[in-house]
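See the structures that follow.
Presented sequentially are two complexes of subunit A, the first with subunit B as partner and the second with subunit C.
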Partner chain A sequence: MSLSNASRVSRSPLQNASHTKWYSVALVAPALAAIVFLFAVPLIRSVVTAFIDADGGWTLENISRAVEFYGRDVVFTIVIAVLSLAVIAAISIAIAGYLTLGSTPWAVAALRWLYRWPLFIPFIVAGQTARSFLARNGLMNSMLMEAGLLEPVAAQSFLDWRGLVMTFAWKQVPFVTLLLAGAMASLDRATIESARNLGANRLRCLFEIVLPQVRPTLFVGLILSLVTIMSVLSVPMMIIAGTPNMMTTMMAHRVTYYGDYAVANALGLFSYLLTALVAWFYLRSTLEKEAGK
Partner chain B sequence: MTLKLISVSLLAAAAFTSIAHAQTLNVVTAGDTNMVDYINDFLAPRFEELHPGVSVRALGTGPGDAGSQAIYEKIVAQADADTWDVDVAVIHQRMAGQMTEQGMLANYRDDIETGHLVTRSTAENALGVNVSGYVMPMFHSQIAIAYNPDLISEPPQSYEDLVQWAAENPGQFGYNGITGGMAGVGFVFGWLSAFSGMADQIANGPWDDGAVEEWAPALEALRAFNQNVTITPGNAGTLDAMNRGEIAMGPVWMDMFYTWVADGRLNPNLQLLILEPGMPGQPMYYTVAERAAEPELAREFIAFATSPEIQAEGIVGQFNWFPGIDAEHVRDQMDQDAWDRLYADVSPEIMAERGISMPQADYFQAILEAYERSVSN
Partner chain C sequence: MQSTSLTLDNVTVRMGQNTILDSISLSVPQGSFTCLLGPSGCGKTTLLRAIAGFAPLESGDMAIDAVSIAALPPEKRQTAMVFQSYALWPHMSVAENLAYPLKLRGIDRASRARKVARILDLLDLAEFGARSVASLSGGQRQRIALGRALVIDPPILLLDEPLSNLDAAIRRNLRSELRQLQRQLGITTIMVTHDQEEALSMADTIVLMRSGKIAQVAAPEALYAAPVDIDAARFMGVENFITTDSGEMGVASDAACFGFRSMSASICLHPLAGHLNRKAVVIDSAYAGDSYQVLVKSDGELFSARSSTPQLAGAQVILCVPADALIPFGADKNCLIPTDYRTPGRTLS
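So, the complex of A and B:
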């Protein structure tokens, strides 16, 4: 055995561990660097900028201006997000429930084929489509008038909060349904069959047997949808006329017309707080569940 | 072997010579993707043909003032370098003033042969800042009112008439407020110029701290006016609403209007007018960076791009913008039909009389904030 081989063999476990550690760090470094430089640094910079005035000193002026000018928009954003999530949850549960419990094979197959389509439509296309569909003289009202279901004088534009909620729901329902239907499909069918054998109808089965078991997946889908809703710019910009509008639009407005990143970042702060709050609730419930195991 | 060596040496020498002569002109432009396309697809091939060995590289920084802001930040980031990676910068008015004041732009207009072809005030003054010599207008874009003559035989010709017309025809006038694009913003600037009694001061400065308070009656009237109008989602939203017959009048960019008509996306019967006392328009400027790596080439590029032929074929012919240089120089390069189409609804005389400049930079922001505080909130 050569000397070098001997030294390799006699290397202490501690040395091996430090080597392994070095390789691990090297392996994780690119991903870590991407997170630090593309996510953490911009986030910290954005938060700090919200508290800095034109001369570089600390200030709360940007926050108070954001509240004074865009307080209504913050409230509007929260209301739209909550309403959209409620609609998304209701429709996703209905679709995923039917995919899992439905007893008409062709209807299940048709629904399974149809519901994913909006996933492949970009938000900006969804926004433009909604704009021509929901306008006062748009496609939806024209079809209703053709069918004799709507008098022309009674036609109204849905290009307001209703159009926004509808578009967000249309775009996000397939995503949440995809997660939810997947989770439901992986459940032990025996529990469902037992409940059915004992006389529970499908609705009761859905709400008392299936849904409690897939609730964490539903929450994940809704939290991810919330983050998407909070960050989409094109849809509110294209659908909502005037104010109040979503925070993203007002941030873009502040940057485009005033070159004012400070107040835009102050508005961003409200977005972070809102999503962080939801994430905290989710993490807390997950941790409690883990601890209870 | 010797032969091989010689041929390799010759090839290397040829490659070196071509590298030595290859020049790259960096054109950085604010604005939408159409600006980058215009430089890449229209200007660059023609300029490169006239200048063998030169390649034009266009970089877009995004639409609106934010795009110009990005160019400013790009230059600030390399302020200490001997040369900058920006030769020609295409920017909006607000940033042209700021960059001129901060010594980032070269004074070049008198050095190019097309420099004397522009006499418009916006070539001298950008939102209250003297930019004479530092800028060459690429095009002029004008805001006007589009109306449907089938619905309105005698459209209101002034802001004052419009107020009365909107009260008599609620919901028939539509505009996009100030958060949905510059057509709405320009309409509001025109309103303040008409009703504040400070039109000159708003256009040219100087800034007066008490100005905002003096606008209270004009803003109050605008708030009342808004009760009778339809607010549309964006510049395109106004045109869409006109197309669908939801509104009969609304402010639009004239070039966008003509482009939509040419593309068959807008009712060709619609017409344009500019309200009295005036509605704003704005140019975008060709500028040369103070420490451009290729200043001579940059000047040649701008002279080429502002020549009457290119202005007629590219700026008017492709985009329906008004030429950056004076219209009379472009007229000879255009056929009568194209000329008539461009000035069909708004004559050059009306343009000169009612086309006003955007507000001076301080007033620009103050008007928007006053609107957000008193009208839309």
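So, the complex of A and C:
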């Protein structure tokens, strides 16, 4: 009796299978369509445009023109991105580490409350603020002079690569810290306590116990920051006048002044390649880790 | 191996509004094995964490070999703790887990490898060094956690229910292994457990705790035979309490009530000499392996006893408890057996 029961029960889902399949396709269709038409098609189009000349034939002309005109900017972009990511990583690790391992409750609470604010400030406002803060007679230099740390004659403008790195870091540190502190908070606290119990001070605990366990999260935060840095237009435009500058400004320049989508897309291709390369390294390392388990 | 004594002096720990530990004073002699025993939530883990430096003291002091450690951060205390969840580092292999405490002490690579190999041998896990800790069974992880604490030759070993996640057979095995290892190395050890059998079989001294306070400090035999009061007795498996009529049987005492364990009480047809005898009616009888667990009712109170034969419900019987199995309690619920019997008198071998 139980046997026939089981077979009767198991038949109905089988009969429904094709029905269910269409139903689920219908459910996912709007989202799928949005991805295809809003992301995939424009992406592929812009990549293809980079290889098409004025007459519609295939060419590498655009790529070589982009390298010739903007090679220095590509290198500048890479250097700025690497520097910014290094600064972001260092500061985020310091803040998240203190939030996790700090022993002064009020300091931890204050830091937890403070560090997120830049998240809610748009890039354009951040760029504007950085301009007035970092200029030769800006807020930073006046404060330093008032504190007697800087001679007025030695004052210089930070509105160059340094300002760019500082602004990117200021804007992205809270985001990476948010991810990192969340990951650290969900670690098994006993793994931290056992390390301290066996003789690790807080610094060693951070670098040898906590950080290795949250490394994937740090990578995700940095990759997302890289993508942001590669796509922000307002900050480099406001902070740096002239060249070299970030690829985004050069692309905007190419499009607005020359209407030259082909070279702009060739430059865009470099951005994709750069982020794709980093993402590939990340995916490979996570896959290796999965395989190792 | 240096081994050391630990003294706690009026240790009080508060978390928020709650007093978790209330004026705990305790002296743990060098090389001894002390068990912290008590019901869930009584503060055993907190006491261990306070000793390790993870629960700041509200007041009081604690000292290792008469040197105060109360103000030291955890990493300076030299107490090695084995956490209930093992807390192995998942990003390190077994051997790396064992070597890390040595690395923290600046020991060079070659001697690290030697010590790790020795500990792996000791733990019977010689071929497991390269394995990831995620691939170990519960018992193996427990042994690694223990080894990680032992590898630094700690003066004091703190164990938080190290055996509670294991099945009965492994637990029995590890219990004696752990005890042997402790004796062999002579490490002053404090172990938390809420399993009274475990505490009785392993400890030199048992500290019975109750809602943040110490209820009794005694050798296992003394704790078993003379729990300090009725609540302690209940925790130590004394299920039955019987009020006495003066002059009843040969047990002359000014006790207000007697406690006894069901396994020392028997069901008889006639009163026995030298026993406390009560007329009773059988309520229920259940097979309990080596004998029958019988529930009887006498004067409106329920008692449980053992019987070698099954008893029919409703049968008229006599509940017999030998006089020496009775634990007398006064009207204030305190045990009437003299206190000097209760203090830990056992010398360490």
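Going forward, the second predicted complex is superposed on the first by the 278 of 293 C-alpha atoms of A that agree within 3 Å, B and C clash if a C-alpha of one lies under 4 Å from a C-alpha of the other, contacts with A are read in each partner's own complex, and residues count from 1 in each chain.
Throughout what follows, contacts are C-beta pairs under 8 Å (C-beta built on N, C-alpha and C of every residue); 3 or more make two chains touch, one makes a residue touch a chain.
The structure presented is a predicted model; accordingly, all values stated were derived computationally and were not measured.
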Task: Fit or clash between subunit C and subunit B when superposed on subunit A - done: fit
Open item on the list: A:Q213 in the overlay: touching subunit B, subunit C, both, or neither? Say first, second, both or neither.
Closed with: second
Task: First, second, both or neither for A:N201, with subunit B first and subunit C second - done: second
Open item on the list: Looking at A:E193 after the superposition, I want to know if it touches subunit B, subunit C, both of them or none. Which is it: first, second, both, neither?
Closed with: second
- [ ] Give the angle at the C-alpha centre of subunit A formed by the C-alpha centres of subunit B and subunit C in the superposed arrangement, rounded to the nearest 10 degrees.
- [x] 150
- [ ] Please name the chain, subunit B or subunit C, that touches the greater number of residues in subunit A.
- [x] B
Task: Nearest Cα pair across subunit B and subunit C, whole Å - done: 48
- [ ] Report the residues of subunit A in contact with subunit C in the complex, numbered from low to high.
- [x] 188, 190-191, 193-201, 204, 208-209, 212-213, 292-293
- [ ] Write out the stretch or stretches of subunit A touching subunit B in their complex.
- [x] 69, 72, 131-132, 135-138, 157, 159, 237-243, 245, 249-250, 253, 255-259
Open item on the list: For a test of understanding, state which residues of subunit C touch subunit A in their complex under the given definition.
Closed with: 52-54, 73-75, 77, 79-81, 83, 85-91, 100-101, 104-105, 132, 134, 148-149, 152
Open item on the list: With touch defined as at the start, can you tell me which subunit B residues reach subunit A in the complex?
Closed with: 64-66, 69, 176-180, 185, 230-234, 237, 240-241, 244-246, 365, 368-369, 372-373, 376-377
